[in-house]
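The next block holds one structure in the form of structure tokens; read it before the comments.
For clarity, chains are labelled A, B, C and D in written order, and residue numbers in each chain start from 1.
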Amino acid sequence: MGLRKVAIVGAGITKFVRRAQETGPELAYQAAKMALDSCELKLKDIDMVTLGTAPDAFDGVHMKGEYLLGGAGGNKKPYIRNYVGGGTGVFAPIHGWMHVASGLCDLCMVVCEEKMSSTHPHPQGAFLTIFDHTTEQPIKPTLIWIFALEMRRYMERYGLKPEDVARVAVKNKKNALDHPSAQIPAELTVEDVVNSEVLADPVHRLDISPASDGAAAIILASEHVAKRITDKPVWIEGVGWNLDTAYWATKDLYYPRYVEKAARMAYDMAGIKEPHKEIQVAEPYDPFDYKELHHMEGLLLCERGEAARLTAEGYTARDGNLPICPSGGALGVGNPIAATGLMKVIEIFLQLRGEAGKRQVPGKPRVGLAQAWGDLMQVGTVIVLKR
Amino acid sequence: MAYNEKIEKNFECTNFPGAIPVNYVYTFGIAGEKFFRTIKDKGTFVASKCPHCNKLYVPPQIYCDECFGTLDQYVDIGIEGEIYSFTECYYDFKGNRYDEPHIMGLIKFDGVEGGIIHRLNVKKEDLKIGTKVVAVFKPAKSRTGSLDDILYFKKK
Amino acid sequence: MEIKNVPVKGLSSKEIEKVLKTSWDPDLRYRWDNGKAIGRYLAEFKKGKIIARVCDKCGRIMLPPRMFCELCFRPTDRWQYVKDTGVVNTFAVSRVYWNAQRIPPGEKPIIPAVIEIDGAGKGMGILHLLGNVEPEDIKIGMKVRAVWKPENEREGSITDILYFEPIKDSKKANPKRKK
Amino acid sequence: MNNRVGIIGIGCTGFKPVTPDVSYRELIFEAAKKAYDEAGLHPKEIDSFISATEDFMEGYSIADEYVPDQLGAVLKSVHTVAADFLQALGVGYMMIKTGQFKTIAIEAHSKASNIETLDDVKTFGLDPVYIRPLKESADFIAGLEMRRFLERTGNTEEQCAEVVVKNRKNAMNNPYAGHGADLTVDDVMNSHPISTPLKHLDKAQSSDGAVVCVIAAEDVAKSLSKNPIWIDGIMWYSDNANVWSRCMSEATYIKLAAKKAYEMAKIANPLKDTQFAEVCDEYSYKELQHLEALGIARRGEAGYLTQNGFTALKGDYPVNPSGGSLGTGHSFEASGGMKVFNSVLQLRGQAGKIQIKNANRCIVQIYRGVPTATGAVAVLSNE
């Protein structure tokens, strides 16, 4: 008995915005409805629903999975919320894959939502409590610190300059000009980024993705059902996820070994031997610009320490050899955490179908990848899609 | 045995305090805005309508529970409903005990899905499932567009 | 299908003032049981000492201490004091407080660092602060030492160490460092 | 057929009102070590891990960060569901059914005693626009539901009290339960109201504890374990997200979940095909409501059956022989873990004083508590 094949057959996404008037369930609804409409399905056709959303502390509702349920189409259905911090957006479709691949259902809807603007005055308050309550929180850390600590370690290891990293922000924010959901697309220069306000050196303001509200959804189908729904199914060929120790200060931050582990799990399943040759378009997670470089290396899409040089050479541009974040990524489209990850999956889905419009990468790619990262420099989630 | 060492003296049991320091501001959403604006401006309730399934929802929601279609029509359903269930609640949201219980009810409206959960101001003998009730609002001037614009439901 | 029109408009900072809202300040307070490992760790902080746990199977000397070895998955075997000196593994120079409020210009930045503690296993770092040093003088690999609160002010918390400062006589310490 | 999923190891710390001597990490380690030892596996040999947890119960804004170490799951495939243990077990079941995974560990725990403001946390789960601003205890939702349920089905408050008496008595003989007591119906009826008709003794008090369970594909389960417990069926369902849109006189989510789980397990009549059930009794009336939704009792008859000893430990069909949440203590996301653990002991014949004779098959059911309408049903067997 071989594995059941699972395809993405439809997708929906809201605009990513700094503050939405819509409630969380309303955001989820907008994305879910659009996904259903995109493949001409009704909610009653959907057997099961899985929802991905990051901390309860964003939307500001304890057990927010239950709160979002109705808008996500979960009423009177098997519905569950999955969660791996910032890695959730790419994990949610993996969770959906489990639903269909297990044979428990033929059609599963995957919805991701985040409404960060509910936190007042700023979501950073919720980030204090990601650190260990006893051994770290008393010194009042903030999320930006941990990125700054990791970014410095990474830059020091490979002798990178701020400009080397800033190119990622420039590229992605520019790519986002063509994305209808984009919150902060912009035409910037490397100087703009390195001269922007220092938050926690080496992290500058324009190195960071914004806080956002938004939602995204996809529809997954088993092989025989997918073929009835669309003549352009995109298959989930590999899934991988990995969680590193919570004692984050006891590992070397220069390399995301958990991303490599997750990638290898997905590549093994997809039968990919040489990812740098076989992956034709990728959407690694880029909440901070250096993270894209970090993740390219962890995903084995290039040699360690090479990602910055490849970026400078245009290798990762939309028309480069290996387009990276052609959507505009979290840096340009915005970062409603879980919805961002699913936005990346949707981008690869569209790229492989040749339906990415102005963002379409050349060469009719057949194999693509999306990846997200999360927690205390801990989680890698990877999905490999094929046409 | 899971450990070689365990705590054996009760004064070695220590704990460490902490908190999650977060504050929130919630928008009422597309349907909620309509609902509370109508309460504020007109002192009545609106439901959202699904023309396809011929269903009404209160509080209004932007989707139909039946067909999942998008709802953007709103219908005035008036302020009269009936008690679907009720309870005398003895504790507040922090677990503090009241001297006198608060009477809470779920009020359903004829021909409308959903309902409104709010305080009841009803005599003991009328506190029954099925009793017809009507909403009592704050004076129009002092209404802000919030759940507290409804003072309570009383017997019709 | 190409995605062209997407729902949800978003509100400007002015528009948000005009829509109806409600607020909530939840009171979310906890008292976390320290248990054996962290209980002892904090008790030793009060005494001005840092203590680790050792797994005799893999030989790791672990900070913060734990009663189990997460890699061997067995109980750890013994306590071991480590030094209150260490090496800067990485650091940042923060112009923001925990709540993203900016530190006023002219005031000193906060300098968080991962410090690998001497005597603990390789790579065993803890998150703490650097002090008594100018940001430009800090180097990865620099030797530092804990500056403790006066004994009568310690309360059994990691903040019993105020910060770590460079060790003057270290070869790697920058001679330009101002007092 | 060779594609069943079996439980091959389960560890439980027991449930107590407080656990001041261990950190949450130490608590979970103990359960994990027991489970892995029973399964004969080192965590390095386990394919994937699932934890069931909610942020504000842990006091972390991203609670899933702190899952891996005490499970021995560092650099392993680990994920979290914001759901009950039983739903996590369902996800594990699904994962094995994909064919990509052979062994999976599932974890849930409660350190509810560490939450100073548990009432505030529960209120924080209410709808922020339509319910929370009323500033009432979250339990008033249960009061509303209990009233409607009793009124519409004819079950009585006294019959709910019988549930409390039965379950807390059962717990006296369960070494893993922390709230055993010998009560009378009058004790329950005279306890102070929380939100009428719900009274203090109708509500399970919270408890701390951890459960870890290892499941495996049939071939692996048979090779590793002498007495695997099979998951014959498992499914979870949610009713309408909005409290005001639900039918309060029945547990629709369990009706739906039970139908699927029974279908998977090929159960036509739960009373005939299973010998006992562990059902959610976070509030006393919930046990009756769930028994009716599970088809163990007909509508309106659950209270009568309880009163007549049908569901007692020595009755025709014991319900919550462990003591349930009322007797064990409400352990939030770990509730399903407590129920699965006790059911596994029963099916293996290791339940000691509360052992039910000839127990081959049982029903385990959970509910996620107010304000949710989410629940799950599983059918477990030893054959």
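Here is the rule we go by: contacts are C-beta pairs under 8 Å (C-beta built on N, C-alpha and C of every residue); 3 or more make two chains touch, one makes a residue touch a chain.
No experiment lies behind these values; they were computed from the predicted model shown.
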- Query: So which one's got more C-beta contacts, B-C or A-C?
  - Reply: A-C
- List the centre-to-centre spacing of subunit B and subunit C in whole Å, with centres computed as mean CA coordinates. 43
- Note on the structure: Expressed in whole Å, how far the mean CA point of subunit A lies from that of subunit C is 28
- Please report how many Å separate the Cα centroid of subunit A from that of subunit B, as a whole number. 35
- Query: For subunit A and subunit D, what's the span in angstrom between their mean Cα positions?
  - Reply: 33
- Message: Quick check on subunit A: which residues sit in contact with 2+ other chains?
- Response: 19-23, 25, 57, 60, 70-71, 75, 120, 125-126, 128-129, 132-134, 245, 247
- Item | Residue numbers of subunit B (touch at least two other chains) | 2-3, 6-7, 13, 15-18, 20-29, 32-33, 61, 65, 94, 146-147
- Item | Contacts with 2+ other chains: residues of subunit C | 11, 16, 19, 22-24, 26-36, 38-39, 42, 67-68, 70, 99, 157
- Between the chains shown, work out who touches whom and classify the graph as line, ring, star, complete or other. complete
- Message: Taking the touch rule as given, give the residues of subunit B at its contact with subunit D in the complex, in rising order.
- Response: 2-3, 6-7, 10, 13, 15, 17-18, 20, 22, 24, 26, 28-29, 32, 57, 59, 61, 65, 84-95, 101-102, 104-106, 113-119, 129, 146-148
- Could you please specify the touching residues of subunit A with respect to subunit C in the complex? 10-11, 13-15, 17-22, 27, 30-31, 34, 38, 60, 120, 122, 124-125, 128, 131-136, 138-142, 144-145, 148-150, 152-153, 156, 180-181, 183, 197-203, 213-215, 245, 247, 249-253, 346, 350, 353, 355-357
- Contacts from subunit B onto subunit A in the complex sit at residues 16, 18, 20-33, 61-63, 65, 67-68, 70
- Note: in the complex, subunit A contacts subunit B through residues 19-23, 25-26, 29, 32-33, 36, 42-44, 57, 60, 70-71, 73, 75, 118-121, 125-126, 128-129, 133-134, 137
- Message: Using the touch definition from the top, list the residues of subunit C that touch subunit B in their complex.
- Response: 11, 16, 19-36, 38-39, 42-43, 67-68, 75-77, 99, 156-157
